[in-house]
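Submitted below is the structure of interest, expressed as structure tokens.
Which chain is which? They are A, B, C and D, in the order written, and residues in each are numbered from 1.
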């Protein structure tokens, strides 16, 4: 269960998550979920949550999904991410779920989906591919 | 000069820019610059600015560069963006500059560069491609 | 069943598919599969199939998956695609399967997976996101 | 001038370049150009060159631009590429030019531009970002 602890500790150090109000809600081997409640401070000109916030949780969910599979002593860094916005980011809460597609010794690739939840209903509002690198600190 | 006004008005409605502390610093035909000063509240686990914040300013700079060339009555929406992180986001201030690469009636594509400025020195820390759509509201 | 016919007719006009030896093997609403047998003429410097060929079938599979859901008279065009290479393209045959993730009136987004099949075994060797536009010809 | 030789030798082993008719036309430190003459065998349903072919030369140009800066004994592999199609691929010849944006010990990022040349006139028809990895074979 060590991987859950290291993810929770790293997430707790991401000050940005506090600022925007995001919570780490699930960590499994090769999987991570982050939730971000709607607040008006996160919005763009039309009162939708800004695409950059959707990207932020999609990226962090991908990073931590990858991190669960990395060996001890490795640190995780995003090389690139690519986000497709499929529907306006309107809802009570936004849920990013990311799965490892390919875990390599150096490179890991994750697919993230972001759902806008309103009441009980979830709607897919974005998908992302996140490419990460494992760095060994000596 | 109408295009500058419409960009400034739209930017002023992006509540997220207030939250993170980003400023619109330049608007020209087919070009936009946004600056984001470093603050600890924006960081990830290693005290670098979170990739999602870099994406946020790269995306908005792209959106507004595109918006300067769109006809009146059109509204701009990001379809997708793709961000490559080239160096750790360390510096005093982060400057996103975006240029329109291709302006179409429906689709516009912009390239954004994000520089980390420390003292007088700027270092390229990320590049992004942003694909936008012009929506006509009737 | 009209959508199958229009896809088959369009695919038959893609001369490149003849050159590389690709076949359209499945068409469903929102889905398309294309197969490409290995041949030495398709390879890069290490005798793996070139990433560009993997991209070619991932893109066409995405385009035709999208096309199955487009209204009559619309023509389909790729705006952008993004390909992650997960494993060397070695195998007897490469199978691109693409699904529509979001079908819009203007923009459609598809996710493609490319598998390298050797004997009975399939291995995921690439994933792609393909963003398409429906053009109405008047 | 060793880097030119290693690029030319590697390119000569890319059998796919023969099949489609692409030529390596320029190699400098951090730069590569590949040209692909139009032929009907390369086209999609509307007689434009298929996006996959544009991706093929954009990817190889990026790979070899990166390769010029890699140390001896390293081999280059594409991790991912992302292609935006800006104009229909119509012209006499297609010219992919790629520049290294960031050369790292492990990861290199290149930006490729593809121009459609008709007579003396060049038109930008696609841009790509290519992310590559240097593999050390022991």
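Everything below uses one rule, namely that a residue touches a chain if its C-beta (ideal position, glycine included) is under 8 Å from a C-beta of that chain, and two chains touch if they have at least 3 such contacts.
The structure displayed is predicted, hence computed values, not measured ones.
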item: Interface numbering overlap (same over half, different under half) for chain C and chain D; value: same
item: Chain pair showing more contacts of the two, A-C and A-B; value: A-B
item: Greatest separation from chain A - chain, by CA centre; value: D
item: Rounded Å distance between chain A and chain C, as computed from the means of their C-alpha atoms; value: 28
item: Between chain A and chain B, centroid-to-centroid distance (C-alpha), Å; value: 21
item: Where chain B touches two or more other chains, by residue; value: 79-80, 82, 84, 129, 131
item: Footprint of chain C on chain D - complex, ascending; value: 10-11, 13-16, 18-20, 40-46, 50-53, 55-57, 59-60, 75, 77-85
item: Complex interface listing, chain D residues touching chain B; value: 82, 84, 86-87, 101-102, 109, 111, 124, 127, 129, 131
item: Sites on chain B touched by chain C in the complex; value: 79-80, 82, 106-107, 129, 131, 133
